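Next come the structures, one after another.
In the two complexes below, subunit A is the common chain; its partner is subunit B in one and subunit C in the other.
What follows is the complex of A and B.
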């Protein structure tokens, strides 16, 4: 009995050692492979040349919303579908069964307006420098997380359609713009030469709202307001 | 030697250590906290790579929201009847994780 246990322990130790060696080897091989890749400018010059035509100043926003807008549209779809999956698990459990502490409540009261302001700034800044819908949405979602941790729930009159509207508005606005631009003979998601920046900002604003609702909804862990 | 290079090397070493410690931690709460620290240091690494957008997203989503999600999941693991008003079970009140999962 004892001997068998010792054998098993030795075998598991050998397995661990083998796995560690395999991982280290794979890591080193990957590093060497990456180091041997040809170092070029990549797509940067092509992007930089096309940015003036996109309607925004930021290269990143131009890539995300214009050049590869289809990917971002799919990303919004994935996020929305993910929340639908979380909602299908059941009603949201209570995150807090007791009263929140005074420190958390006081911090929320001071922090929440600032968080909303920062989120709005990030959304606006996305047109020219670091920022954008996902960052703005994540910061706004943090406000939702703080509220949830303080025991907040969705008020009765906002349950159902209003919450669903906020969750879906990003995807809906994105699809509406993508299909709307086809009216004048353009292709799917092909923004008009003038006013592309405004369209992108509108999409980003709607997406930031939805992203915030989706991320905070995932923390809630179920359909709002049924428990 | 270049100061930036030293900083980068330090960053890589801390990242690897945090990743290993977070994965190997037997205490789940400790693992989650290490994972959050990993996300924040990773955001710093993205900043060093001149990618402020990715750094923002990593700090906000990777460290902040994923950390909050993991901590909530951890709290729920300790409470068998999720969604009920029952007090958390005292079956396994070991370590800081149990204390964290129980609202005070």
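What follows is the complex of A and C.
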């Protein structure tokens, strides 16, 4: 019996050694492969040439919302589906049993207005420099996390449809714009030459709200306000 | 240019360290962390390769990484919720241990 245990242990060690060797070999092969990749300018010149026609000044925002808008649309779908998955697991547990301390409450009172301001700035700045819907949404989600940690819950009259509306508004606005531009004979997600910047800002504003609600909802860990 | 390659190699290393933990660790939270480390490695590799070429930085890999980070965060949130649920339902957060295994 003991002998068999020792054999098993040795087999397990051998297996681990084999795994490590395999991974080290894969690492060396991958590094050699990367070193031998041709080093061109990539897509940078193509993006730089197309940005003036996109309606925004920031290359990153132009790629996210315009050139690769399909990716971002699907990303919003993944986010929404992930929250639906979390909600399907059951009602949100109580994150806080005791009353929050004065320090946390005081910090929230000071920080929350600033956070909302920063989020709005990031959203606006996305058109020209670093910023955008995801950064703005993440900052806004931090405000939601602070509120949750202080024991806040969704009030009774906002449960159900209002919360769901905030969660879905990003995806809904994105889809509405993507399909709406097809009316004038354009393709899916093909923004009109004039007003593309405004459309993208509208999408980003809706997405920022949804992203904030979804990320904070993930921390809550279930359907709001049923526990 | 060579520093970009160094970052790319670090990305490969992170990815493989995460893969090792994903295969070898039995605790589910460790597996989730392992997947996140792998994702960070892949992101580092992508951004590094965007810097490797001559001229301006390629914004397309950066946009892909932003997308990837958000997807990774939401997938992690869902995975952690599932793990919590499993822990409450079964009292187990680890995959079963094979007999005679001393890890």
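Operating definition for what follows: the second predicted complex is superposed on the first by the 227 of 227 C-alpha atoms of A that agree within 3 Å, B and C clash if a C-alpha of one lies under 4 Å from a C-alpha of the other, contacts with A are read in each partner's own complex, and residues count from 1 in each chain.
To be clear about the criterion, a contact is a pair of C-beta atoms (placed from the backbone, for glycine too) under 8 Å apart; a residue touches a chain by one contact, two chains touch by 3 or more.
In this text the structure is predicted, and so the values were computed from the model without any measurement.
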Original post:
Given the touch rule stated above, what does A:134 touch, subunit B (first), subunit C (second), both, or neither?
Top reply: both
**OP:** Answer with first, second, both or neither: which of subunit B and subunit C does A:73 touch in the superposed model?
**Re:** neither
Subject >> Partner chain(s) touched by A:221 [first = subunit B, second = subunit C, both, neither] >> reply: both
Original post:
Does subunit B (first) or subunit C (second) touch A:142, or do both, or does neither?
Top reply: first
**OP:** Please indicate which partner A:171 is in contact with in the superposed arrangement: first for subunit B, second for subunit C, both, or neither.
**Re:** neither
Original post:
Does the superposition put A:122 against subunit B (first), subunit C (second), both, or neither?
Top reply: first
**OP:** Using the touch criterion from the header, give the chain among subunit B and subunit C with more contacted residues in subunit A.
**Re:** C
**OP:** May I ask you to decide whether A:91 touches subunit B, subunit C, both, or neither, giving the answer as first, second, both or neither?
**Re:** first
Subject >> Which of subunit B and subunit C A:101 touches, first, second, both or neither >> reply: first
Subject >> Which of subunit B and subunit C A:213 touches, first, second, both or neither >> reply: neither
**OP:** Could you give the residue numbers on subunit A that contact subunit B in one complex and subunit C in the other?
**Re:** 60, 90, 132, 134, 215, 218-219, 221-222
**OP:** Name, in rising order, each residue of subunit C that touches subunit A in their complex.
**Re:** 1, 5, 8-9, 12-13, 16, 19-20, 23-24, 45, 49-50, 52-64, 66-67, 69-71, 73-75, 77-78, 81-82, 84-85, 98-103
Subject >> subunit B - residues contacting subunit A, complex >> reply: 52-53, 55-57, 60-61, 64-65, 68-69, 72, 75-76, 82-83, 85, 87, 103-104
Subject >> In the complex with subunit B, residue positions of subunit A that touch it >> reply: 60, 90-98, 100-101, 122, 129-132, 134-135, 138-139, 141-142, 145, 149, 215, 218-219, 221-222, 227
Subject >> subunit C-facing residues of subunit A, complex >> reply: 4-5, 7-9, 12, 16, 19-20, 23-24, 26-27, 30-31, 34-35, 37, 39-45, 47-48, 59-60, 62-64, 67-68, 71-72, 75, 78-79, 82-83, 85-86, 89-90, 132, 134, 211, 214-215, 218-219, 221-222
